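By letter and in written order, the chains are A, B, C, D and E; residue numbering begins at 1 in each of them.
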């Protein structure tokens, strides 16, 4: 059985349904990407998986590591080993870097060592006591990933980690994704607008369009099939 | 460095104008002290005691406002309930003051939780005005229920014997029951500070305040923490009520009387800053007690009798607020952008 | 200041119907909410007692409508307008604080409605007097003059604490001059906010002055708070004199604090000789033990209804004719101890005796069947302390 | 597609697209219908409150220029109304200035005070601004209580000699007597109401008023796009004070004098409550709010026995006098429910949503 | 490499412009001189101070030191709300709108302000007809005509970004500052937006400063590029110059990738 299984997921907001019968599988140790245009429903999918208040799931099932997520309280989901790094990072601006990480560690069942995270992300080491609000976007992204990683998850959902970042930081994030998936055995579901990043990091790609999963392709195929990219991603 | 100590540093940035103001204030106080030293000391201690009472009430309000973003207009009503529960426990059920001191605040805490669960929790995502108005409605309801249950007539309880006399502080005498209030208030302030700044619980609450949903994504059960914070805020109001009820007595309008002045304290301190509330409470307490004395001394010294405006004390908190806010638009220690 | 004869309002000047019994609708204005809400029920009880007595004695049937003044002049005015225009009351009584009395009294007079109020402030009298407005409570001036004399006997140096509103301002002036006329001095005064519950600041002032006595010109529960706080702060040996004391405000307190009051001027107290069964009947009604507002409400209803019956009319002009100069002979006089009471024509003041009282020792305070905490020490005839007509400035 | 498509009087402040005639006609309708409606037996049953309703509608509408249109919340609005009331009362009782001169002066004075205070505080953050207005209002209250020179009458206020000579009143009926004409006071108020609110409406629909809405929506953006936000706020504050004072002036005659409660914080609070209750998002919201609040207050205070289902068919008779001494409890409850059901839209928004839902259902059925 | 025009005579110029937040130096002694008609891209890593530079140029934040020149005039002390009336306009990095106003009103209110000044007592007439035609023209230009009556919050993200540009244009600027006009857009939409900017510039004769992260776009459309790093100007030059600059490679690009 796959680590994460999404079956026939229908979800939406007050203003209307957004996801229509989404099916997704992520196997253990895989890096899978979910690609699509603005508003295709990528974030909505991620948020449905972690049980956010919005959107409302109207049908289907989500299973993670054998647990039925739709029947799990949202704040219990991280304890199953599933962690979200949300769109726009959402670090706690008034808390320091250390506090951000410590906080996450505290609410995990089997956290990693907080000090170890600073070795893992040396760029954060210099700014341990700086409020997150005073950090650059790239640094905040590192922090968001560190905050997620410290909970020692089996799987991380990364929502547009490279949005608005300068090219060299994008590079760094790509490296981090490689490291945590290959060296640390964390499974990753990645959402990206930046197709290059997805191509460089993921093994498999789901294409989503207007709330429907329209295709599932290999990196190879996505790289070569320009019409496919043009059609669903506008590249 | 914790965020609150960062804010403290703001004090170091004193402009020349600010220095002049402080200098003038110091001079006036000196004049008053020179004219009536004994009274000055009495009033200073009195101001401290009164200021601590304000701080105690403001603290709960400030927690709920700063952390949950709810302008809890019903906080005064909770304070009043603390006093009436004391009456119920002591005068009607004959229990001792010490039991009331523990039980009444807990009961108030439960009322607070009921308020939060039934009404206010639905308004966290609405603009602050909505919470304020709902809380206003709740305050009315609690006040009327109190009248219906305990009547309109002011009530009081017999002050326990140890607290009934006056305490001789060498320079002045103070009612022991008030001194006791100061000690309890100080302990509560310390405990709240430690809880919020030094514990993991406090950390998770501070995080949740900034981004409730994100805290949830990290596995933190925010609704439960908010309930607990509301409980805490209500309990503190309840403690204030017990102390006030014992020292002064209780009546159904005491909540109303205190809530506005308490808001003044919170705003002068700067919304979102517990430390600010403490400073502002003491500042206003002293201002209320010392201003009339200063004016009277000034009238004595200058011979201009009109300076000693009778009844000015009631206006002093508002004058302090105008002054502080004109100079520091966010209060003494307010955060930028918070509730603006 | 009277307008044209009313048209359409229906109820101006009910006269005796052909069936016999005169029918009167009386409007009572009482604070059922707001700062004076604790007083509210007592006005109603006193009024109902009077109505019961009158209906037994005279051929009259009285319908009582009760309105909430909310202790607020605007609220009271709204109620008064409704009472007159919608409910067609014949005349009105009630109101405790002077701002409410002024507001509804002036309006009532402007609109040809007869009204007896219970304010004590001198600002309700004199130039503010109105053709159809009457005051049943002894004036501040009368009570201050009484207590001023007694205070000067007790000790020479007084500190005056007065509530910072019209009644208090007025009391401060009269008490100070009465004290000084009698040879004692006032060494300091403070206006205290009203309502207020922390008197520390003012008690400090007292403690640091040369005064041996404190004159409390503070109404309501605030007076009791101030006393209690003086005790807690250790000021047990200063004398306390209280102006226009209403003993009811002490009832929420422990006996010891109340016992600290040395002298008080009072409009009525339930230990007056000759009160008869009035106390028991009030106590039976249950809401509040008998105190001054019961007696004043009883007197108001008694007087206005009797006047209407005598005149055979409820028109304001007719009632006025009956009341002006009228000397009270009814039960209302008995419950006031039987001294002389009359409605002075020149300013519509009920000239009646002022009572001086002192608190009993805590151990002698009686709580059953109703509270009796104060004893009368002296009764001053109203004529001895009332301002002369010329002094008041009223031009009726 | 959005909520702006339904036209009519209930349009939202932001996106109003009212026909030119709807507001004037709506105001006329309120003025003409209010008294008969209020005095109907099923309602309050007597007409004298109707003029108070109209006056408070002016005052609360003036407040909504601040809250609804400019996004400024003042905890001290009663001060400006009270300045109007006191100006006239003082002019009549102590200065022997005729009403027709005193009234415009009072309004100007109120506006002037507002302008000065506005210059000082209009740019402060929301809550801080609100608390500063509270402080100034407290100061005004203090001054009136202090009774400087015996002008304001302290807590007693001014009652004697505060009615102009051309007002006649007897047993609750008030008339304006001018040159042989005798007009019911209500119609005089109604005329001022219609004219005043039309002016207010013109103010909010003018280019000036549209800019205020932009300021409310996004102050920083407005500033960066070239709007002098502070001046607009100052003037909104000034105009609001002028209209409040207009209401205050009428109140002086209506209540025959001035009392401290006209300057009190509680009154300011009530003004906010009425505005919110009605729906600050609508031009007619404050009017609805005044109606509901005053109606409920009058109704509950005046109400003794509940007879169900009808007075004519008394199946169930409940004695409510005892409970209704605590009528404010029910007011509080009403308030909590109103806020919970529709925190931003008020009664009017609720009514509108209900109407929309019903009509949608009816349309759905007819298809 | 640097600007070779005098800032005091350029369409927009700065001299020694700095902004400090407490200890953080967000903008550090920036000299800038953008000649009329140029499309200047501002690039730099996150936190380089790009947005802050716009904020001090428009006086949304007071500069700590330095001067700003607009069309040869020293405007350093001109208050923020006067600047649009002198021809300096901007859009924001996040979507700033008059949320509950219609799309048309969003633009119209600004057009009205542009015509009437920072403050105006126009109390007569119907506000909604003032400059409505001009506003409609602008909406047509940016392709929002069909949404004119929509409440601005209900627009999609991309349309909100376009509305931001429309509002800036409504101030009738000569110099337009655009803060990441394509942020949050997919590649296709980004391209359309950049084309829109170019056509506006050509038709209205604007000088444009544009903060942009997408190097492909930056290299293809800008006349010159200014690279900010840690608050100061690292380099200014044509796209070719910038691509060849080693410092820039290091600080920002980290070596351009050849994939795609």
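Observations, loosely collected:
Note that a contact is a pair of C-beta atoms (placed from the backbone, for glycine too) under 8 Å apart; a residue touches a chain by one contact, two chains touch by 3 or more.
Please read all numbers here as calculations on a predicted model, not as lab measurements.
Number of steps on the shortest path from chain B to chain E, with steps defined by chain touch: 2. Chains making contact with chain C as well as with chain D: B. Interface comparison, A-B versus B-D: the higher number of contacting C-beta pairs is recorded for B-D.
Inter-chain spacing, taken between the CA centroids of chain A and chain E, is 32 Å.
In terms of their C-alpha centroids, the spacing between chain D and chain E amounts to 44 Å. Distance between chain A and chain C, defined via averaged C-alpha coordinates, is recorded as 77 Å. Among all residues of chain C, those that touch two or more other chains are 40, 164. In chain A, no position touches at least two other chains. According to the touch criterion at the top of this document, the contacting chain pairs are A-B, A-E, B-C, B-D, C-D, D-E.
On the side of chain B, the complex with chain C involves touching residues 36, 38-39, 42-43, 46, 49-50, 53, 147, 151-156, 158-159, 164-166, 172-178, 244, 247-249, 251-254, 257, 288-289, 292, 310-311, 313-314. Those residues of chain C whose C-beta lies close enough to touch chain B in the complex are 35, 37-38, 40, 164, 189-193, 195-198, 200-201, 204-205, 207-208, 220-221, 224-225, 228-229, 232-234, 248-249, 251-254, 288. Residues of chain E that touch chain D in their complex: 58, 60, 80-85, 89-90, 92, 96-102, 105, 108-110, 112-114, 116, 118-128, 130, 149-151, 154, 167-168, 170-171. Those residues of chain D lying in contact with chain B across their complex are 73, 120-121, 124-128, 131-132, 134-136, 138-139, 142, 145-146, 265, 269, 272-273, 276, 325-326, 328-329, 331-336, 339-340, 343-344.
Of all the residues in chain A, the ones that touch chain E in their complex are 37-39, 134-139, 163-169, 171, 193, 195-196, 199-200, 233-235.
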